[in-house]
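The following pair of complexes shares a single chain, chain A, combined with chain B in the former and chain C in the latter.
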Partner chain A sequence: MKARILHRADVLKIVDLLRQQGYEVLAPFCGRGRDTCFEPVTDQNRDQIQIHLPNPYYPPKRFVFPHIERLMKFERDNGAIRIEPVYEEGKRAIFGIRSCDVAGIYHLDRFYLGRDFRDIYYENHRKNLFLVNMVCTDVERDINDECFCVCADTGPAAHDHFDLQLMDMGEEFMAVAGTPAGEALFADPIFRKGTDAHIAKRHTILDDVRKRFKTTTSWFSATVRYVSQGDILEKTWEEIGNRCLECGGCTYVCPACTCFTVSDRQVGPNEFERVRIWDACALSGFTRMAGGFNPRKAVHDRRNRRFFRKLAHYFIQRELSMACVGCGRCAAVCHGDIGMPSVVEMIRRATAEMDKNEPVSH
Partner chain B sequence: MNQSATENVYLPKIAVLDRVVSEIPEVKTFYWRFEDPAEQQAFQHFRPGQFAQVSLYGVGEFPTSLPPSPTEDETFFTVRQVGSCTSALHQLKAGDKFAVRGPYGNGFPMEEYYGKNLVFVAGGIGLIPLRSCIVYALKNRDKYQRIQIFHGAKTPKELMYAPALHEWEQTPGVECYLTVDRAADGWAGNVGVVGTLFKKPGVQLPVENTVAFVCGPPIMFRFVIKDLLEMGFQERNIVSTLERYMKCGVGKCGHCCIGVAYVCVDGPVFTYEQIKKLGEDI
Partner chain C sequence: MARSLTTCSFCGVGCGLYLETAGNQVTGVYPSVSHPTNAGRICVRGWHVHEIASSPDRLKAPLLKKNGKFQEVTWEEALGFTATRLQEIRDQYGPDALAFLNSPRCSNEEAYLLQKLARAVIGTNNVHHGTGVYCNNSINVLIEMLGVPAATNSISELAHSEVIVIDGVDLARRVPTIGGAVLRAKLGGARLIVVGTRRHRLAESADLFLQIKPNTEALLYGAMAKVIEDRGLANLQFIKARCRNHETFLAQLHQYDLLEAAEGCGVAAELIEAAAITYARAKSAALLYSTSMEERTRDSIRAVVNLTLLTGNLGKRGAGIFPLSEQNNLQGVCDMGMLPDRLPGYQPVANGSARGALEAIWKTKLPENPGVGSRSVLANAQNKTKALWLCRYDPVSTASFADVASSLRQLDFIVVQHLFMTDSAQHATVVLPTTAFGEEQVSFTNTERRIQLAEQVIEPPAGLTPAWEQITRVARLLGADWSYQTASDVMEEIGEVVPFYSGAGYDNLSREYGRQWPCTKDRPLGTQFLLAEDNGEKPFQFVPVPKPSYASASRDFPLTLVFGNSLYYWNQNVLIRHSETLKREYRILSLDYPEGFVEINPDDAKELSIGDGGKIRVCADSGSAVSTARVTAEVRKGTVFVPYFERELEKQIRGASRDGGLLVPVRVEKEIA
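Entry: the complex of A and B
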């Protein structure tokens, strides 16, 4: 991958270049308090774009898979029904997307565009999307207590799946092109060739950042194995389930959750629209059928479901990507402290408990 | 990204209701066809055991099995009135419009069963999805060995597809056994759950080289499986079709996922061997 160097003062010119190319650029901003969010860049707010800040809870997933998305319109006219699909197409760029969220979008690509059926609504958003990945280098602001991308192998610097990657090196930034579209930006005079010293500095920075993560769930891969083999005791799932408040928050903030429900709503006297809305397997109605039968009623069955779907080897192999990218959002928002790192820890402890009971004889 | 034109798999096509036939209380059969003959022709190539998504204007969409065999000319659904969508469908009259997309799912691999004995065990409206296989097998009668049909209902009035049952009872080369939980209306046949038919004198289920199709309410399913396993059936030779809450039918919405399987694309047809591994109530 080609790399170039640019001055700190020129970084936001990348936003300008993308806007000139007709992209609606979404970038991270500070809200009130700790709140941070991705917002469309305008001439007015352009200078308030934050290079380093805590990753917004509301993941940039919504730019390819909106929280509520219109699918089609149904019009009725004298007994006749007309169905018109509703497509939204526009060029969008996400500036400052973190490496974990780049992996999240890659996971969505594998899921929505994979297997037998391609999702046209996702594809329409995705095909015009430009990703400018910002490497997490500011250990005070970029990395919070819950981040564990080093364990999910998604960060602090994404390996792939971005168009352009930026890394803060102090007075300078390194830009790495991940696609021809990203490389095309290097034609602009703000970019210049780097030296071996820049490459060495990149490695030094990454080596240092990797050591600064507070949550290192070294048991992540072991958990994948235990979950895949179905070796986790029902009792452990019950303990996890007992702490679930069934709010669905973990799903809402997850950059790799894909489930949705579909609803038809009236928008005119003879007009309905069909929308899809994010849904959560934490909610009890998720599997309830019209007759009232619910195969997954107990809360621990539903928790089990979430972690199985995210960690089972079968799905990782099928999608060539894991449905957990180590962003730590679920850990940050969960009131019951059963975000991914905690669940990994609970499974580790439960297994240690099982080991104690292991009959060992001479 | 790939710029190729992708088909919108969520977009249903307009269908017209031809006529409605009452089957048993709360269950009706809806004969329909697509407004566009090209759609109709494309749809006709479904496999027994597949399902379709049906849209009702202003209400929503629901999945339903396809009781016709692809060897038949007419397309229809047999639906029990349960929730908002099925109730809306029950309100429709001949000539009314709705929308359909599909067919979806794997279906029963009827070609793989060539040369085998087929045993159909259906409880109540479990006969709806199996009807497709039965009609298909009878149309291709020379491809299969013995064909047995066991059907149980609560009362004689609730026996599904009564005219077809009588026809199958009369068809040479088909062994059709019926039972009801409660006899009424001069019922002279067997009384008891469907499993009691297996032990009746003169009834003999072939076990070797046989595929057993089992479909019905969860309690019936559990007991029939138990009976079949005791008779010596292999778990992989027992097949069923699962029902789940579904929104998309194409493996994306996530509602129907059990264990590692998305019922809509990996199923709805599974062998009992597979069902056991999925690890969830049926």
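Entry: the complex of A and C
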């Protein structure tokens, strides 16, 4: 992948370039306290774009998979019914999307576009999306205690699936092109060729940043095996379920979660709309069937299902991507502290039970 | 766009969240990580608040019933007609023929102005909120014993509590963010004691679970207090310095006996003893109970406060009493005086000098006699009420204590302010559609006294105005010279009237995360926990609770039927019905049990050969009813639980005597079709 160097002072000009090309640019801004969010860039707020800040909590998946979106409308017209899809066109760029979230978008690409049925609504949002990935280098501001991208191998610098990647190297930034569209920006004079010294510096920075994360001897891979093989005791799932308050938050904030429901509602005397809304397998009614049968009525069955979807071989192979990107949002949003890191730890501790079944004999 | 921090308008936690908008619609929602109360977490209701806000079946124009049918009219006609009818009925029957009831989800501004309309313009103290029936006991007892009717500490302090006692309330279902705070406190080393009849989600994490027989709290806490006294674990220093009546309390405590209490409560004596010692030994212990829709007797609340005083768990971080308000502004509407016997700020109506002070500010004479509460008004047994104003309140759906629909049919005039055509609004003469969450800037006060702003992020549908503005216009039509231009103006006046809101102007409230009252001009940053100052007085008092006795189960009626109120409250709430997901989650019980249900313990069910979904007959001395069994391990063995919305069932079981307690001895039989 080609790399270029630019002055720190020129970084936000990338936003200007994209806007000139007709993109609606979303960039990170600070809110109240430590709250941050992606907002559309305007002439008024352009100078308040932040480079280093806590990763916005509301996940950027909402730009390809909205929290609520209109799919089609139905109109009654002289006895006939007219059905019209509602497609959103337009070009969007996300400036400052983190590496974990880039991996999340890739996972959603695999889910919504990678199989037999291509989701046209997702495709419309995605086809004109330009991703400018910002590498997390500021250990104080970019990374928080819940982050574990190094365990999910999605960060701190994404390897792929971005159009352009930016990395803060001090007075200069390094820009890496991930796609031809990203490389096309290099035509602008703010970019210049770098040297081997820049590449070396990049490696040093990434090395240093990794030290910020909590112990990386994660048990992730073993958890994947245990989950895939169904070797986790019911008792462990019950313990996890007892701490779940069924809010759905883990699903909503997860960059790699895809569940939704569809609802038809009347919006006028002769008009109905069909909307798609985020839903969560965490919720009891999600799998309830007409007739009343619910294969996952108990809360611990739903927790079981979530972590199976996140970690089991079957799904990793199907999507060619793990459904956890290590962003840590589920750990932050959970009332009962049963986000991914805690659950991995609980599973690890519970496998001490397995030792009792070791085939050791005299 | 999501720059404005706002507060959720569902339950009493008042989580900080952001609303995402596009065009003029609310298109998303997410929690605030920085907010001290919820710290990045919200519940399933909060996660779907955007669905409700964008719901298309809002009322768009005022409605006036002409010849039994609603017609859309102009605002002038609707408000003019309202003012005229209120005046006519007052002139004909006197001011006390009118009553003004609101919802505990009304904003501070609309609550304040509604009671001002009633008191200063109409001349009646008949003001109340829908949950009043249930939380009055708590307000009165806390004022009696502590001097302040609110949570003494803050939710974020639970992280520092050594011991947390959850009394009765199913935190996970009703105020999940607090449930989460408790769970995480426990993970951080706190010990969790759960007291209650139902084995709810948090009970699964309890260190000590005292699954008591229904309504035996007073006996339990009395026995615990006795253990604490006998073991010498009482906080004598605190008691001596700050409490009155300890001697009388002690004298009464002799009645209590641990073994007798164990028998009466149905809980092992060792468990009661362990709970008492654990609670008393803690450096700081917090106790949580619910005030909303759970009928707690005065004595059972007094027993809670006695225990807190005995151990000195007030005025320090991590301690305290949390009378939880389950609706987002129950605390606020009480602070604002939507109480028939108390003025804004809780001064009694009967107190002449308090009335005089308010008369000086409002420049009008105020009615002297306390009014009647929502229970009386909605039962209207003697037909005294002729006109009713309902602000965002839907008693036909949510009030279980009266046959509201038939009472409403008898009234001469009803005006309803709401977003949707609710069941109650169907009975109205005038329906005034109001703005919704996100369409107006108003304030709410959460269960930890935090006064917060709910921000306006979109324009309301054309013509719709905030409820407080409609109340203002009616007052003006009745001759009052009210001149509030914004909700902020209303809060300025609230600050003059309610001393502990005197610093809570909108500028101050918008700076960080609201302010916890008292928020005064001297204390503009608010107060995290109360009752810390020891100024040499003894502001607290013990109130002895005579040892209660309970009728033992008879052979004919061996089970106890509990009419549970707040557990399934949100099932009936009109907002929930306007979100596809919330409707599914909260009303799933109505789908699984379409003919209603009664909850029964699995062991009891097995003994009676009853399966989940099977038909059963519940027999009491006063009557019997047929229903469907919902078998759940949450219910205590020996109890049967009837959700509050099972009205028909309640009528049949109670028979002629409508006014029963919450408990009825029953027998359950399998019903052969």
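In this text, the second predicted complex is superposed on the first by the 354 of 362 C-alpha atoms of A that agree within 3 Å, B and C clash if a C-alpha of one lies under 4 Å from a C-alpha of the other, contacts with A are read in each partner's own complex, and residues count from 1 in each chain.
Convention: contacts are C-beta pairs under 8 Å (C-beta built on N, C-alpha and C of every residue); 3 or more make two chains touch, one makes a residue touch a chain.
Owing to the predicted nature of the structure, the values given are computational and were not obtained by experimental measurement.
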{"item": "Simultaneous placement of chain C and chain B on chain A, clash or fit", "value": "fit"}
{"item": "Which of chain B and chain C A:288 touches, first, second, both or neither", "value": "both"}
{"item": "Touched partner set for A:120, first chain B, second chain C, both or neither", "value": "first"}
{"item": "Following superposition on chain A: angle at chain A, chain B versus chain C, Cα, nearest 10°", "value": "80"}
{"item": "Partner chain in contact with A:72 - chain B first, chain C second, else both or neither", "value": "first"}
{"item": "Touching partner for A:309 - first (chain B), second (chain C), both, neither", "value": "first"}
{"item": "Which of chain B and chain C A:266 touches, first, second, both or neither", "value": "both"}
{"item": "Touched partner set for A:362, first chain B, second chain C, both or neither", "value": "neither"}
{"item": "Chain B versus chain C as contact partner of A:230, first or second or both or neither", "value": "first"}
{"item": "Which of chain B and chain C A:32 touches, first, second, both or neither", "value": "second"}
{"item": "First, second, both or neither for A:203, with chain B first and chain C second", "value": "neither"}
{"item": "Chain B versus chain C - smallest C-alpha distance in the overlay, whole Å", "value": "9"}
{"item": "Residues on chain A lying within both footprints (that of chain B and that of chain C)", "value": "261, 263, 266, 279, 288"}
{"item": "Contact footprint of chain A on chain B as seen in their complex", "value": "1-3, 6-14, 55, 57-62, 82-86, 95-99, 218, 243-245, 247-248, 250-255, 257-260, 265, 279-282"}
{"item": "Touching residues (chain side chain C, partner chain A) in the complex", "value": "1-3, 5, 18, 20, 27-35, 40-44, 46-48, 50-51, 54-57, 172, 176-177, 179-181, 183-184, 187, 201, 204-205, 512-513, 580-581, 584-585, 588, 591-592"}
{"item": "Residue numbers on chain A that touch chain C, as the complex places them", "value": "29, 31-35, 37, 39-40, 54, 57-58, 62, 66-68, 242-249, 252-253, 261, 263, 265-268, 273, 277-279, 283-285, 288, 292, 299, 332-337"}
{"item": "Chain A residues within the chain B interface of the complex", "value": "71-72, 74, 76, 79-81, 83, 85, 111-113, 115-121, 123, 126-127, 230, 258-264, 266, 272, 274, 276, 279, 281, 286-291, 293, 295-296, 301, 305, 308-309, 312, 314-315"}
